[in-house]
Amino acid sequence: MWKLPLTKFSNMRFPTPVALSWIAELIGAEVIGDEHALAGGINEIHRVEPGDLAFVDHPKYYNTCLQSAASFIIINTKEVSIPEGKALLVVNQPFDAYTAIVEYFRPFQPAVKPVSDTAKIGAGTYIAPQVFIGEHVIIGRNCRIQPNVTILEHCVIGDDVVIQSGTVIGSDAFYYNTKKDRENWYRRMLSCGRVVIEDAVEIGAGCTIDRGVSHDTVIGRGTKIDNQVHIGHDTIVGRNCLFAAQVGIAGATTIEDGVVLWGQVGVNKTLTIGKNAVIYAQSGVGVDVEPGKIYFGSPAEDASIKKRELVWIKRIPELWQKVMNS
Amino acid sequence: MWKLPLTKFSNMRFPTPVALSWIAELIGAEVIGDEHALAGGINEIHRVEPGDLAFVDHPKYYNTCLQSAASFIIINTKEVSIPEGKALLVVNQPFDAYTAIVEYFRPFQPAVKPVSDTAKIGAGTYIAPQVFIGEHVIIGRNCRIQPNVTILEHCVIGDDVVIQSGTVIGSDAFYYNTKKDRENWYRRMLSCGRVVIEDAVEIGAGCTIDRGVSHDTVIGRGTKIDNQVHIGHDTIVGRNCLFAAQVGIAGATTIEDGVVLWGQVGVNKTLTIGKNAVIYAQSGVGVDVEPGKIYFGSPAEDASIKKRELVWIKRIPELWQKVMNS
Amino acid sequence: MWKLPLTKFSNMRFPTPVALSWIAELIGAEVIGDEHALAGGINEIHRVEPGDLAFVDHPKYYNTCLQSAASFIIINTKEVSIPEGKALLVVNQPFDAYTAIVEYFRPFQPAVKPVSDTAKIGAGTYIAPQVFIGEHVIIGRNCRIQPNVTILEHCVIGDDVVIQSGTVIGSDAFYYNTKKDRENWYRRMLSCGRVVIEDAVEIGAGCTIDRGVSHDTVIGRGTKIDNQVHIGHDTIVGRNCLFAAQVGIAGATTIEDGVVLWGQVGVNKTLTIGKNAVIYAQSGVGVDVEPGKIYFGSPAEDASIKKRELVWIKRIPELWQKVMNS
């Protein structure tokens, strides 16, 4: 029986492990370290794992990258100390090198028909007219995919999933390399991750869920999402969450099981919202939220503190009066 | 001449009135009361009418449901006092019974073509390429339906209506039965209501308007809606309203005639915003708003009070200074 | 080599200059001034240029319109003093006259196929399945237009542009003539402008960019836009801007080069946000922002002032205590 590969996120793995010397030739790099070592895949810095390649091009982040789980660092300097068992791939433009590797292993494949021949669709699943399903998409059983939905290449959808009209699954990450000394400041990191949607998830109309840059964006089992919700790249959403309409979640954030986000909530990138936390409508979450907490406000904080604060604001005129009369 | 059936909202009516005994057999219920009584339709609790079935499964809401306009209550207890002229249908799982009735009368019909043969489209109406129009949709005269619009089954559109690209009319309600002692906490209430859009309404691009759960979502004559607006299930919008971009309105709310909602306003569920009220941009409306009032803030309150409050906040440092110097 | 016509915005120009007497006959107007003068095009008041027609129907705006760059004023009075070198076209209903002129020169052309034969698409550009491309659209080279994108008539897209799924380019402006003494209060201004997207712009999924009413909506070179962003009619966005998800910008606003808008920011109409300004998430911009400034809050103000204010609010209880104890 087909099962979602969720115990291990399937980021941008190479088909087989690849010798560092081969990678070095592809990107024109000098290897410092063991050139016979084998790389398993490539990842951006937030989601690297042992055996991965990662890249860094700014001195400010050299150390973070070297100390990350990545085994092989594409970098534009030799003047760093290399942690035990790691290797450097030294190039002038690490970003271009990253792009070249991704393009080699995941070349852009233009779709030629609305529903790709390489897509696998489970028994009992209804695909409405005018749905787009890209290459290598996997959809489970008993799903309902409504008209004008777009499911882009390599995305994985579980069983009993509902996706309403106009929703886009697997759009590219909004993730750029910035250099203000060139004509176009921003260059896109190619997205080679996927979107993985577990069983019994329901997604409303007009939503957008970006694929991971090099990892997966995951929506956990039983989570329900209202209309016009945006979920950024590499975000991991737990099970049985409830997101009301027009919620927006930036990239690489973790939303644990049972979290409730009310309408128009915004969540910043690379945060964690703990299990069963509740965020009231229109709040802007800019910090981690502990499990079970209720948050409110923009910027959001503990709802009971925020509510007291609103009462205190109402008392300023009274306070003014007291001071004037004293 | 075809006219919109707006004097009486056409919720989930049965084709003909149905004997309670027949319903009881369908859902395996014990009838307490007159089993020869005839039920006209089924409705969720916010919009029930005499002759309707409704259901309740939590003791907290038993009384609300029994005292509602519903004539026949699907319930999981016998230990309640039954109002004069009403009857109970006792089952273990009222939610499952509700679902079974809806599925019997409104079985899911997979669309097989982009524009259904059962849809009726008035003279002078332009349907662009790549529009989806579901079963039993009715569209009036001289409308303009732009590319990539989705109009789902049973929705009704008046004359002189404009719907811009990417908009979805008739997506399912975001309305769940919650029980945290099962693997998947949330189970969707099937939506058997419609969206009814009156004459001269104009709807922008990328909007989503959910159908009613058991009733209709209605957009009143002459109302104009900007891009990326979300309107929840069973919401009734009056005539000549103006909603700016990215407004979100939750379910079962009533917006009276002439209301103006500026950009990114959020409105909570089951509220009433009175005639000609104006809500300033980004406000979050969590309480009823009286006719003619201007509201602002998140949470929103009377705009003149809110503006004074913003001035008072600016005076805290001055107040601090006074206290320090006294 | 094809180049974007960006030095001069191509608003609603007539094919050749048109004699005022001919226009007068078309709309049944009395000419006050030189009826042999030649009009070059028609524009709404925010974007008029010399040689243009403009219209005004409310005494409150007579003077603004007469003193604007417009050469020829469609107006419902003779009791105004006419600036040197200008002429009036006097009618009872200037709005209807404006509509008649636009409809004559830009009659509605129903699309009959998903990709129009009059569209021009550059070499190396990929158009995915289920994309709609309207009449007279121009798309440059090496673009990627993803599934279920809608690009409406007359829009112009540069080279190396990416547009992700579900996005709508060229929807009509949300811009109405209001009169509350008729059954339908709001009548739409016909949109005869375009959307012009310069080279190397990237636009996320589920965005909506409205065409100008009589001018162009412009997205400058190298600007990157995340998912579910709304940009109103006649807005001019500079180069190398960065807009995060769910940003909304109202009509006829100017965003200068290098501006960063974080998630869910709202920007009011007809403002200017200066070069390299940064607006923090969920802010509501209701006033002009000077170049290089950082703004925050709803309503937005200088972020350092706003942050101090948040600290002052936290100190109210302490202040209260001091006053009570004094």
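Here the chain labels run A, B and C in written order, and each chain numbers its own residues starting at 1.
Methods note: a contact is a pair of C-beta atoms (placed from the backbone, for glycine too) under 8 Å apart; a residue touches a chain by one contact, two chains touch by 3 or more.
Keep in mind the model is a prediction, meaning the values are calculated, not measured.
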Touch-based graph of the chains, sorted into line, ring, star, complete or other: complete
Proportion of interface numbers common to chain A and chain C (over half same, under half different): different
Gap in Å, rounded to a whole number, between the CA centres of chain C and chain A: 32
Multi-chain contact residues (two or more partners), chain A: 130, 148, 166, 206, 228, 246, 264, 282, 298, 313, 316, 319, 323, 326
Residue ranges of chain B touching chain C (in the complex, touch as defined): 126, 128-130, 144, 146-148, 162, 164-166, 200, 202, 204-206, 221-222, 224, 226-228, 240, 242, 244-246, 258, 263-264, 281-282, 298, 310, 313-314, 316-317, 319-320, 323, 326
Residues of chain C touching chain B in the complex: 108, 110-114, 130, 132, 134, 148, 150, 152, 166-168, 171-172, 174, 176, 180, 183-186, 188, 206-208, 210, 228, 230, 232, 246, 248, 250, 264, 266, 268, 282, 284, 286, 298-299, 309, 312-313, 315-316, 319, 322-323, 326
